[in-house]
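Chain IDs A, B, C and D follow the sequence of writing; residue 1 opens each chain.
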Amino acid sequence: MSTAVALAFQPVLDQIAADIAARPGRGRPADYIPALAEADTSRFGMAVAEPDGTVYGVGDWRQPFSTQSITKAFTLALTLSLEGEALWEHVGREPSGNPFNSLVQLEYENGIPRNPFINAGALVVTDRLHALTGDASGTLRAFLRAESGNADLDFDHAVAASEAAHGDRNAALAYFMASYGNIGTPVPELLEQYFRQCSLEASCADLALAAGFLARHGIRADGSSLLTRSEAKQVNAVMLTCGTYDAAGDFAYRVGLPGKSGVGGGIIAVVPGRCTLCVWSPGLDQRGNSVAGVAALDRFTTLTGLSVF
Amino acid sequence: MSTAVALAFQPVLDQIAADIAARPGRGRPADYIPALAEADTSRFGMAVAEPDGTVYGVGDWRQPFSTQSITKAFTLALTLSLEGEALWEHVGREPSGNPFNSLVQLEYENGIPRNPFINAGALVVTDRLHALTGDASGTLRAFLRAESGNADLDFDHAVAASEAAHGDRNAALAYFMASYGNIGTPVPELLEQYFRQCSLEASCADLALAAGFLARHGIRADGSSLLTRSEAKQVNAVMLTCGTYDAAGDFAYRVGLPGKSGVGGGIIAVVPGRCTLCVWSPGLDQRGNSVAGVAALDRFTTLTGLSVF
Amino acid sequence: MSTAVALAFQPVLDQIAADIAARPGRGRPADYIPALAEADTSRFGMAVAEPDGTVYGVGDWRQPFSTQSITKAFTLALTLSLEGEALWEHVGREPSGNPFNSLVQLEYENGIPRNPFINAGALVVTDRLHALTGDASGTLRAFLRAESGNADLDFDHAVAASEAAHGDRNAALAYFMASYGNIGTPVPELLEQYFRQCSLEASCADLALAAGFLARHGIRADGSSLLTRSEAKQVNAVMLTCGTYDAAGDFAYRVGLPGKSGVGGGIIAVVPGRCTLCVWSPGLDQRGNSVAGVAALDRFTTLTGLSVF
Amino acid sequence: MSTAVALAFQPVLDQIAADIAARPGRGRPADYIPALAEADTSRFGMAVAEPDGTVYGVGDWRQPFSTQSITKAFTLALTLSLEGEALWEHVGREPSGNPFNSLVQLEYENGIPRNPFINAGALVVTDRLHALTGDASGTLRAFLRAESGNADLDFDHAVAASEAAHGDRNAALAYFMASYGNIGTPVPELLEQYFRQCSLEASCADLALAAGFLARHGIRADGSSLLTRSEAKQVNAVMLTCGTYDAAGDFAYRVGLPGKSGVGGGIIAVVPGRCTLCVWSPGLDQRGNSVAGVAALDRFTTLTGLSVF
């Protein structure tokens, strides 16, 4: 919607890194699997990618980290590109209004998860992508490699195995939805796909580039179309209203951009038409979002005036 | 965030009105009070106001209607301007994930409503405004008159009385929050203020103009400041994530603008920096939003490309 | 169902009193109103009444205390005697499975409370009794006076006023049910009746005698019939499954008798065909039941072998 | 608690069978697995066993049927006999106040099911019995054979396989509790044990005899002790308050006996000290209890005056 003046992103990123470095308090890493619990909360990286693929960065912006739930945004886009509106018969697009693992609303709503970004919803979207492609996690990896230009981007099998070993609750969700007929893949196979997908390692640079289609209204890095303009807008809308667990309202209030976070400490965000961002720092707040990551995005919108509101 | 090309709004509105007229299905008027139940669902009006106060309209855009919950956006802005961040100790800003009258989450969260736009939250905001001004509904009326330039804009006392006569559930909400110490005004007095406020009658033109400060980043019609730029952005964020009852995700997905609806059939919406809109048609969908109103806003963003995403 | 050997109750009571005196830990008095919060937790009394009106006691068994929710059992019996099975269209008879003030299930079940002993259910039963008699609390007082033979038994107006002053949550419940059409009395009048009823003062002796009809299969002290044999059995069943807030299962498991407790620290219990009991000690456990009272009833069933199981 | 006059049970059973035969409406068989859905709702049998092992019957009282959840009462007793009070750290004993499969309260209460008779609770009890014996279902079968004197009593492997094929929801429950650390057995193994156990076939005569220890205050058919008098009383208490899904209050109100039902259409009931009963008819009401079975037990208590209240 804009033909804005050019912004020099590098000085903005340097300023943010300095501000974050001076800021006490980083939260605590996710502790439900050992691989994440050992993360160093002093790490911080941030990247901004322009629609033409120019990318700026600061700190640990080239360091691969565990993407975790950030992948849910890409899986949603890929599935929507293949299945279109029919996807919404399997999953809603309303904020969940409850902690991200809650089974309560799932029960009230007959096995249809509220949105694609709570775990139940992501399982359903993965189930659809797997049904449509035969290899959900492989399709995702290929997409991220192509868009980021990083052919080394890959799964971390140790993390996937660790997730599986602590995956009772996701198994419960999957079987519960299967009991309503909303999962087609055999549950053990679905869980393997899901955990593999969450284990993808990528850097801030990789993810800022890979999310570029959301700033380019659906156009991939090679100029082909992944989503229609309308679909790209819709993915951004779901990210804004549902992308940060039970803190979506607070994130919209403070940052004002579509975003998707992961418990690895990463967050991607989109300024439609202008740029995509990725920030990483492993310390989380109580709602599972990166403390330094949210603070950095908050600074970004304050310094640049870029916000959708 | 934009320096966009001028858009000719009048032809867009004419096109939308034609499209809506050709569209079957208008939903049903709110039926919980007789005054609303008699509304004619064939009525339709829409107005767009530019930041400089120029206003365009089509259909019944000068016809006063019952604003109902639309007033919650204005009450929020007025209270935030007086109380600042301290307001958020009394009410949250997360989507509710449940029908708009639900007591469930209120009980789980110790009498702190999820956001200012569910009824419980609006009662809390009204309680704060009443405590700060001594006359919540009078303050609201004065503000709407000043911003719209319509000195005749007023309460409909018959509607307020009808609301009060059917107000057992709002009484329950207010007493329930009072039991947690989150309401200071005596409940009968608070309810009177609340119902009076909801009974305000205004036209699409009035409301598009009155919401202008949300497009002007907090600046009132007379050039004075109601909210800081940051606060105005925050009100827009709350409108986008919580403004349309349990359909906020769907509204963001389809329309992609901050908006606030009322069961009188009106909806206001904001294109930050560009314009404010108000549409009215009394037939509602199952979630309490105007069927023709949502469709008209959907057409507006499609025809103009104006969307925050 | 029994023609049991005569039991000498006095030595049993003496033994229980000695055991309780040696037992540390009495819980804490109800603290939501000042009148109850000041109670002396060292007080303890217990009475047993035989069907013929012979009454035995120990400790503070003639000391009047605040009956509170114990009255709900009597109100239920009186209403059932007047309205019969039609009462169950207004209130259920299933255990609530939630803390006694919960609004959650009330909302799921359209304003029909789960049973007559949660506050919501007692409000509904009081509403019915008031509709049928024009004076619910007066009817209750007259009944308790007649059955206990204590013409001085009366309301404590200071306690009733204190309850009213802290009655926001009960007001919320009443308005909430009124919104579903399940309350006929104007809410302020209903609350006055309800709080007055809860404020009745009676001693263990009074209550053990007044509950005698439940051991006599529905027959009042004067030989007239209040309830049919089947109805008396039904009141006992509701007491066993719902009489001790969220601890009904635990009470049945430990004591094994129909019982009804109150936050004043009293508990009545019934051995059908054999006797009625009342115990009082103001210290409560976390679920609102008298610590020493439950322990004393537990001792009673162990020492006498009297239990319904 | 009684030294009652001898009752002639056979004429009572004959009268009940005649009454039931004249009664229209039998409900519908459980339809979630084909094996049960084909049941003939005109079938009806009932047996009464005296503490000395004398057994009376009418109709299809020697016809084996699928015991389903009736086994939960026996599994509870066996586990309690081995583990004692420590069992209650893994499962509660409060009525659930929700349909029998609900995950909601399980989530609120950190993976501790409300009682041993909802599916989640039965899974936990089976997990404990399996940990203590190495073969939960084999232990149960051996016990039922010994008590009934029927060495042919066995699993129906086709029913167990059918349950497993439709067992997604039970898998969800088990994984969910495992995520809280409240299940020790690997979930697939636990489910196999659980479904096998539910598939046990037995007749009214078998089950009335096998439940005899509950009327004999814990003493087995061979005179040895399974439970203490206090433990036997406790199992009866749990049956009365939790034994008939979400209809426990109604069952206590109408029948007034400890009971446990199964979706195969069977119900066992206990008159402590006097007799045990089993009734079977496959048509169920909406809450999963046999329509003719509940009616027959209701008639039994009316005709004999035997009720715990």
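Basically, contacts are C-beta pairs under 8 Å (C-beta built on N, C-alpha and C of every residue); 3 or more make two chains touch, one makes a residue touch a chain.
All values reported here derive from a predicted model rather than from experimental measurement.
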item	value
Labels of chains that are neighbours to chain B and to chain C	none
Interface composition of copies chain A and chain D: same or different, split at half	same
Distance from chain D to chain C - Cα centre to Cα centre, in angstrom	31
Averaged-CA centre spacing for the pair chain D and chain B, given as whole angstrom	56
Between chain D and chain A, distance of the C-alpha-averaged centres to the nearest whole Å	48
Residues of chain A engaged with two or more neighbouring chains	none
Chain contact topology (line, ring, star, complete or other)	ring
Parts of chain B lying in touch with chain C, wherever the complex brings them together	102-104, 107, 168-169, 171-176, 178-179, 187
In the complex, chain B residues that touch chain A	1-4, 92-98, 105, 114-115, 230, 232-234, 236-238, 240-242, 246-250, 252-253, 256, 258, 272, 302, 305-309
